[in-house]
Amino acid sequence: MDKVMEEAGNLMSPMVQESKAAYDIIRERFGEAVSEFDANPTMPFFEVIDTAKWVDIALFMRDNSRLKFNCMACLSGVDYLEEGKLGIVCNFESIGNFTHRIAVKVKCQREGGSIPSVSCVWHTANWHEREAYDMYGMVFDGHPDLRRILCPEDWTGFPLRKDYQVQETYHGIKVPY
Amino acid sequence: MSSSPSLNTWSDALSGFTLGGFPLGLVIVAAIPLVFIALYALTYGVYGERKISAFMQDRLGPMEVGPWGILQTLADILKLLQKEDIVPTVADKFLFVIGPLIMFVGSFLAFAVLPFSPAFIGADLNVGLFYAVGIVSLEVVGILASGWGSNNKWALYGAIRSVAQIVSYEIPASIALLCGAMMAGSLSMQHFNVVQSGPYGFLHFFLFKNPIAWLPFIIYFISSLAETNRAPFDIPEAESELVAGFFTEYSGMKFAMFFLAEYGSMFMVSAVLSIVFLGGWASPLPNIGGLALNDMTNGPVWGAFWIITKGFFFIFVQMWLRWTLPRLRVDQLMYLCWKVLTPFAFIAFVLTAIWEIYM
Amino acid sequence: MQELGKAELNTTRIIRQDDNRVVIEKDLDTEYMVLSMGPQHPSTHGVLRLECITDGEVVVEAEPYLGYLHRCFEKYCEKIDYPAIVPYTDRMDYLAGINTELAYCITVEKLLDIEIPRRVEFIRVITAELNRIASHLVAIGTYGIDLGAFTPFLFCFRDREIILSLLEWVSGARMLYHYVWIGGLSYDVPADFKKRVSEFVNYFKPKVVELQKLLTENEIFVKRTKGIGIMPAEVAINYGWSGPMLRGSGVKWDLRRNDPYSIYPELEFDIPVPDGKFSDVGDSLSRHLVRALEMDESLKIIEQCLDKMPEVSGFDPRAVIPKRIRPKAGEVYGRAENPRGEVGFYIVSDGKSTKPLRCKARSSCFVNLSAMKDLSKGQLIPDLVAIIGSIDIVLGEVDR
Amino acid sequence: MSEYFSNIKTSTTTIATGLAITLRHFFNAVKRKGDAGIDDADFFKQVDGLCTLQYPREVIPTPVNARYRLYNNIDDCIGCNQCDRACPVECITIETIKVTADDLAVCGKTSGGQQKRMWVPVFDIDVAKCMTCGICVSVCPTDCLVHSPVADFSEFDVKNMVYHFGNLSKIEAEAKKKKLELEKVAKAKAAEAAAASGAAPAPKPAPKPAPKPAGSEAGE
């Protein structure tokens, strides 16, 4: 099982091998648009370098008969402060078809950066992207309804950014209580 | 319908009583049902329902005010009286205030033709049953007035639902009662009881005398639940959908008025059910040989006991249903009314007619 | 999305303008009404707000608004140590605390790469399954309330009370357990625990049957839920649904089988999926049914665990808990099957700090609820209530 | 048409089943659930019947390891501050003063026999903030901080939810601080003037007082 991974560094576990196989298919199709495969034992992932191709990759991942990543389990926004970037990490799996899983990272510039939205590919992404926007402030191009979801609509700042400064008052209420 | 000499002796005597030109007797006749409603709603209606629901749900119910919580209702009334009587600024004030009054008056007026005992009836109309069915429908106006007057979306939903429901269910209910009227051959409430009383007790009741009577009995019972907005037909006040339905905006005594009206009409329909199909004040106990149980348990006081007991039994069944069943949806409610109850009511009507002619 | 054909909406167009206001263009003289359902509404299960545009009783569009219970879980996680996050995960899904703790702990354990004692795994599974039953009891009971049946709710809570007592006996708290720790448990179970749990299983079995008779088989209940809010399997997967919601759509997908963790691979249990005889596959009744049947499966699991659980004298459940939790740099996405679906944690560790760099909670209700807009189109208001109830949301988890 | 009648039939039977169940419960209302706790061997023999508890008079018995109100046994507290650091909600406030060498005996030892080296004039627990996670208890080296099974400790004033466990009053704390400073000064002097001595320490203060429960009753 994926828990037993003492030989993580040298030997790839079956799960990682499956992910690698799935990655190879994507790499074959998209070449340099995607980065090298990161075969870490806990969450194997690759990064989309050419973010403009993210929707194409997503559609390919969903519809290719050998991939069939029909379920997006999770989409998390991340702040890469050192790189000066914001990013999303998506976890995919294939329900009812294959057992492989893979994670994908997409990054954009910290200020004014944007990532193409995949909410047309997976409905799950709709609210998750809204949440990532709410918390990190990256814009998802082509999102049908990009509004804040958890914070109030007139909240200033993006709370999960590492350099976030909380506002002093909100409608006359002192915020850092 | 002419009444037999022993009927209505108390109420006739009372209504003739005047004090210096003031018809005090009539006031007392009118006050008796009012006091009855208040007392019954206080004890059985609120406290009883709470306890019954509690016991069905493995709970204790009210326990804090008085021994076993019997003073809970008084505490509630005190609370309601103290509460601020809020009239929303955007409400239609006239309709908002008049709504609960119409509702209460509607349910209270019906008590005029309710024979509380062989010797007591408010007004022995020869169209008593017709009057009762008609006047209860007056509640619809009150519900609509309060729902519209509240200027609240939930209240409006509740009111519209309620009107649709009550108006629809009038039809099977009336036809079912008509079956009873055919069996009795009269519309006078007292007459229903007279023809159903006799030495064999319950065997004289239409329900047991006439095999077809079960059908209109059940139809009327179901329709009466809908007419009084009781579960499973409580969609006008469906608390999980419409917050509180047409009385969402009410507080204080106006709110209490709705409750009083609801409990009043609950007893009203239960009493009508027992009068039309179960002999009203007539004792169900038969004379067995020399043991004249029926004769012993008939009379003005016993009559009052029997009719209230029968009414309370049906109220218990109403509560029992309420705490067991989920709520119907609006369209299912209408389906039940128009596609199930109404056809069956017509069938019952025809069958009763045939039975009455040939048997 | 299947068109249910209850509302004829062709004459009217609803437009969401740039500033998010909803404008309705209409050709016919039906007047639309904007109905704000919640956050204080009896059947929104907490503080969900639905902005419904209604045409009479028909819901044209229902837009959920969240965040009324947002408690900055993810922001907090960046400021506290790994073990101190566990009590916060309790507060996410407060009806199934142990399950959520378990999800978080197995995620961090994956990152730390530590071996858990077998007895700990068994205790974790027993308590998690007990908690699953308790959570499903609330789901079923409140669903009854949504549909107007009050009594099953109190029967459910009566039995849940016993589970809570059992869990309090084990963990020391009734609802917010903080029982599963990273690498172990806070306490070993009491001496009589096995006996009492097996007694509970015997006590509870007839109660489930009674509940089914009282609620699930009731014709009014069936009529209210059958065919309401149908979600086809592909759309459900695309929406990322999980747990009883996905299984209600006929997909046999359970993380306890499909991404096994703890000792679930050793245990025998079915994954209940509606067969379409009693309910239409994918409707509200199916989802309710899956929950009801899952309680039986959980009982089965508990019984097996009680049989197999190794007895260790002088067992210390904290033995392998690391003194200082500082995982090596890396990322992990771990998940577990909660009563409401897949709860996942995405954790990034920088390898230096005792605090996670990023801890994202993937909440099952959040994802399940996102389909609300699709599900509610063209439904009646009572059906809308039935659909919300069948999604079984816990707002603490939706908003985190 | 047959469906129409079968619908009526199933409705009637299922409603009747439901009614039978509720009526059975109604007549079962003469029984009441007993008050045995879950740790009682006969617990499941007494769960039948009405299950309400009339709360202030009847309570669910809390098991021994129940984790509710925090209690600090200050006699055993060494002022190590670990609980304060571990607390995720920051509900514990601790101030410590180092014990001067001549006070060590007065300050005493913990029940485990460890010499206490800190006065703890302030040990405040805001139980209104406390989320009873038990992390502070798990890090406490002397096991003096415990979650007691007292579950109901509601107050009318939120200020009373702050429990004071400190073992010195304000005045005493001032005195101790001064004494510590004096000792420091003395030490410094001693270091400076290697030979100098005789700087008698300040007169002994009153012996260590008992833990002072403030606000409402704070202890068990």
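Read from first to last, the chains carry the letters A, B, C and D; within each, the first residue is number 1.
We take it that contacts are C-beta pairs under 8 Å (C-beta built on N, C-alpha and C of every residue); 3 or more make two chains touch, one makes a residue touch a chain.
The model shown is predicted, which means the values in this text are computed figures rather than measured ones.
Core chain by CA centroid proximity to the global CA centroid: C. One finds 43 Å separating the Cα centroids of chain A and chain D. Look at where the CA atoms of chain C average out and do the same for chain D: the two points lie 32 Å apart. Chain C has its Cα centroid 23 Å from the Cα centroid of chain A.
Across the assembly, chain C contributes residues 151, 158, 214, 218, 220 that each touch 2 or more other chains.
Counting only residues that touch two or more partner chains, chain A has none. Across the assembly, chain D contributes residues 15, 18, 21-22, 25, 51 that each touch 2 or more other chains. Chain pairs recorded as touching, per the definition above, are A-C, B-C, B-D, C-D. Across the interface of their complex, chain B is touched by residues 8, 15, 18-19, 21-23, 25-26, 28-29, 49-52, 54 of chain D. Chain B contributes residues 52, 54-60, 63-64, 320-321, 323-325, 340 to its touches with chain D in the complex. Only residues 53, 56-59, 153, 157, 231-232, 234-235, 238-243, 323-332 of chain B touch chain C when the two sit together in their complex. Within the complex formed with chain D, the chain C residues making contact are 80-81, 83-88, 91, 151, 158, 161-162, 165-166, 168-169, 171-173, 176, 178, 186-187, 190, 192, 196, 199-200, 202-203, 210, 213-214, 217-220, 318.
Across the complex, chain C is touched by residues 1-3, 5-6, 8, 40, 42-43, 45, 70-74, 76-79, 89, 91, 95-96, 99, 103, 122-124, 126-128, 131, 135, 145, 147-153, 159-160 of chain A.
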